[in-house]
Amino acid sequence: MLMQLTLGGLSQGMIYALIALSLTVVYRSTTVVNFGHGDFVMAGAFLSYVLVVLAGVAFLPAAVLAMIAMFVLGVLFNRGLIRPVRGGPHIGLALMCIAAGYVLRGIARMVWGREVLPMPAVFDMQPIFLGNLVITGDAVFIIGTVLVLLLILFGLLAMTDLGKMIQAVYQSPRGARLIGLNVDRFNDFSWGIGAALGALGGILVAPVSLLHPDLGASFLIKGFAAMTLGGFGSLGGAVLGGVLLGLAEQYAGAYLDSALIEITAYVVIVAVLFIRPQGLFGRKAVVKV
Amino acid sequence: MKTFASLLAAFAVSASPLLAQDDAWETQGLTDDAITIGVMGPFSGNASSYSKALIGMMAYYDKVNAEGGVHGRQLVAVQEDTACDSAKGLAAAKKLISQDEVFMLQGNSCSGVAVALRPTIEEAGLPWIVAHAVSDSISDPLAANIFHGVPTGRANGRAMAQFVLSKPDTTNVAIIEHSNDWAHSYSNPARDYLEEQGVTPSLELTMERGQTDATAQVLKLRQEQPDFIIAALYEAETAIFLRDLKKYGMGDIPVMGTAGTDLENTLKRTGDFDTVKNYYVIHSYVDNLDGPLMQPWGDMIHEYYPEEELSTFSFVSIGSAEALVAALEAVGPELTRSKLMAALEEVRDFDTGILSDPITWTPEDHQGVKGSAVAGFVDGEPTVLKAWGQPY
Amino acid sequence: MSQTKMPSARQRRLRSWLFWAVPAVLLLLPLATNPYTQFIANGILISVLVTLGFTLVIGNLGQLAFANTAFFGIGAYASAILAAKLGVPWLLTIPLAGAFGALGGFLASSAALRGIRSYYLAIITLAFGELMRWAYLHAKPVTGGTDGMPMPRETLLGTSLSDDTLKFYIFLAVTVLLVKATLNLMRSRFGRAVMAVRENEVATASLAIPTARVILVTFMWSGFVVGCAGALFARHVGHVFPESFGMLHLIASFAMVLVGGLGSVLGAVLGAVLLTALPEYLRAFPGMEELFFGLIVAGVLVAMPMGLASLLRRVSPIFVERFYREAP
Amino acid sequence: MPEPLLKIRDLHVGYGKKPILRGATYDVLPGECLTLLGANGSGKSTSLNAVCGFVTPTSGSVLFDGTETAGLPPHKIFGHGIAQVSQARDLFPDLTVEDNLRLGAMRRGGKALSQTLAHVYDRFPRLAERRRQATRTLSGGEQQMVAIGRAMMSGPRLLLLDEPSGGLSPQFCEEIALIIDALKAEGVTLLMVEQNLNLAFRAADRFIVLRDGAVVDGGDVRAMAGDHDAIVRNIYL
């Protein structure tokens, strides 16, 4: 049972990791926490649905197209709505993100109406039985996709000049300006990547779950919990935090009470911030007074 | 200032028209050629898929209207959104009652909202036919003007448990549900019935809305190996739960679901017959959703709402609309609210041709539908069942 | 920063006269309403209190705390439990619910005082609110679980407390009292200390202002105001459900604070009135509310970041609140 | 007199509604090191930030080699060959010394990079030893070397130095003076803000005194040799 739970937790956790990572990418570049991110996740799922079911595109190209569209949306959102309020208080930025999420949800609600939509299964594969352990197609697909993506991303960041430049912008935006980087464009890029990665989270859960306009809300909190656990602003921490959260939910649900699955994320947030605010890998989350 | 305020309060109270049940009140919302009916439902918000129930009902009004109405009067639906939120629902009810001055109310999908509305509507005194929400406390204890036109939670929950126990040698029953009022309205009466029969659920699990994984729950079930599982889950989570159940090699355990799901859509959602072949649902209808007996009703909905996707909710409130029309017919042209309520209390064993159980309203009991059939796959075909292995 | 004229002595007199004139006129409102519009008016009074409490923390104190729906739920549940389980007359439960709300404020401020600020505070208070909602759902013996808690029937002065007109006078009295008290608090030295903490906490601490106590008291007062609003809400709907204290309502009060103007008492009142009444006009377009709220908030943020209050203060110095400064 | 490399004319800069520079006008000649003097708040650092585009002037003109740069974004101005070593140094703390240096040349790229890098390591052998270390582990002086090295990597024509001696030991000041000499020898023009008058006068060719955002004095450093008192009086009184 432990192994099975671990597998289930990993595949859930990979989704959380992806969402936490996408939140962190945006946070690191612009110090904005996207409180509307859940709806970006939903929009990704929605777009891939529209492409697959209504336009008849195959799942893979549909996923890529949806991510590209969300990338553009993220860039436009940063340029059009975040930049004008950047100088203001955090509250304005938080609200702007919530507002954007609301608009996305409103649009989904208008188009979707009252239907709850099923996405056709894509990773239809007979489960593999290893003794007591059952390995399912979607677990393999989700874990595999996210792992490959993470390898590419972290590889790019560590090995390439572009990655170094991104790190430079994250570590010191002023320094990045001093070496002639167009920081605004990097910020746009980060918003685009954040939106596209979040959308991928939505695309991956879409065939597993059903689609409805409120799909994103729960993922936002999971993303926050994963970020907090891993350490706010740490890219690697976000990934690890997501995986740990996925595992914690499964273990708590199986060994304690299945009613606890829903609040594991909240408990993690409260506990981490009170006990070890910097999370597992992050810098201090507290303000010194 | 306090005294001033209380003086004013007393003044304002006495000035407001007392809801004396006079002649004007009796025929409020009524003209020679129209009866206005307030239709409340979650037309927006995250429960808006339930408002399908009200679409079916309003399509039936349209059909009656197309056939000349009732004693020359058209049934005019005045829609108000509750968004499945109690404060918003109360505002909707008060608007319909005191501003739009409708003749009567029919509708409501969310039990929580309906429960919150009950005191207000009871006080207002106009007839209200609850056409979708299932909570028993909407119509029990009896309120003179509130009629329940669908099987209540108690009726459904008992029907679920009855069906579960009708399978021979069923002793080990597990329950999985959402922790919300909707799920409890099914699971609590089911639990009660099981206890009456000496069966204590061996495992009680929750799965929240929005969860995309049921591994933890399913593994617990795998250890317990129950004979039957009662699942009070919404559509999405039902599909996920069944899928995980099959994944982990327990596809042979029968699962009893609520009226919130149906076989056809669950099959569509999981995309795999093996996953749903042992799934049974409360099915309050006389036939499969796409069966010949339901076909005309589906056609009727599509005649007036061509875009509407049909689901199990689409038909649920048509039955009570039929009963309403029958009562209106019985009253005759001199319609009043009191006469309508009296006529509704005369409805006995009313066969709607759509609900599996008839509607009976008596002066002592306004919960009109006492039972429900169950649907499941028999030899690969969706079949309406009375009990395990017993076609309807 | 543009120089805002402070009101003259005459204008200040006019202002205090106006302050009492508005509720005095409102006393006559029930003559012009039907039960529906009266119900909406009552709901607006509750929104005013919720927005007021919210703006104190996020506007005046400048803390990104999202615990307000939690305070609201705590107040509503406290009132319902006290009234239904312990038979306390509802009127008495209002200050008690406020006290429980203040306790919630104390908890939230303990996070802020541990140095959890900005987005961290937002996230932890968000989690706090959702944990409370989970608790309402699962503490069935006390809270009624998913079935919620019905408020007991009660009469006052021979009138049923389900009467919306009677409720209106009680709500109005509570609202006027709390708005006045908040205004007085913010005009006092304490109010200046709150502003100072917002502008520069470190510098304020070095001026020997007990910043910790300022933060604590502001959070608790916010909790008290919103807790009282919760008690009113319990009576307003007559039945308390866990679902009434979700994120959706949080965001609505967010929009009210913002449209009115962060940190302005007058703005809180305006925002609450506007955004509680408007959706009722939009009833004809169900499902458009999210789109509508989203667009309004985004529009206000870009075009009028300091809200309606900043417009009004340009019209006349009467509307200038000494403790409310426009952001630099 | 040669044509100035940088011409600043009637420059006005403000933060919000608070004016900092009010009509500053001065030139920087090719190959020289000009130092800006003045009390706190007189507009020295703001001058540098306006030249490299970190703040946008409200009015006035910044002509670099005949091109108007006022109002251009920083990366465009950088592309024209203006680099700054800021007071806070603004290094990338988690990246290695070598990465920090290499990033300085990102806008140029190409083959010149390895040559320039070797050149910087020649000048700062200590950095070559620490090339794989994260810069946050370096001492203040070493970090200043990275900052200057990083700016040199772009091969700037005009280098802005903001308080190069800030927070460093006196010995290091001499080192900075040597670096400035070497840069001048390579033909780099320097515009410097420096509080340490000894260093300022040791390294600079000319000086300008700013007060309340305008130029009030200026001249040749050699002509003022030994008479620092007069300048100090001019700055602070």
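As written, the chains take the letters A, B, C and D, and residue 1 is the first residue of each chain.
By our rule, a residue touches a chain if its C-beta (ideal position, glycine included) is under 8 Å from a C-beta of that chain, and two chains touch if they have at least 3 such contacts.
Given the structure is predicted, the values throughout are model-derived calculations rather than measurements.
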Chain separated most widely from chain C, comparing mean CA positions: D
Chain occupying the middle, per Cα centroid: A
Pair joined by the larger number of C-beta contacts - A-D, A-B: A-B
Whole-Å gap separating chain C and chain D, where each centre is the average of the chain's CA atoms: 53
Gap in Å, rounded to a whole number, between the CA centres of chain D and chain A: 42
Averaged-CA centre spacing for the pair chain B and chain A, given as whole angstrom: 37
Whole-Å gap between the CA centroids of chain A and chain C: 33
Multi-chain contact sites of chain B, meaning residues that touch two or more partners: 44, 48, 179
Shared-contact residues (touching 2 or more other chains) in chain C: 138, 287-289
Of chain A, residues touching chain D in the complex: 161, 164-165, 167-168, 171-172, 174-184
Contacting residues of chain C [partner chain B, same complex]: 27-28, 30-31, 34-37, 39-40, 43, 137-138, 145-148, 150, 153, 157, 159, 162-163, 165-166, 169, 172-173, 233, 236-239, 241, 243-244, 248, 280, 283, 286-289
Complex contact set, residues of chain A against chain C: 33, 35, 81, 84-85, 88-92, 94-96, 98-107, 109-110, 113, 217, 221, 224-225, 228, 232, 259, 262-263, 265-267, 269-270, 273-274, 277, 285-289
Chain A residues touching chain B - in the complex, by the definition given at the top: 1, 4-5, 7-9, 11-12, 15, 109, 113-116, 118, 120-121, 124, 127, 129, 134, 136, 205, 208-210, 212-215, 217-218, 249-254, 257-259, 261-262
Residues of chain D that touch chain A when the two form their complex: 52, 54, 73-75, 78-79, 83-86, 88-95, 99, 102-104, 106-107, 150-151, 154
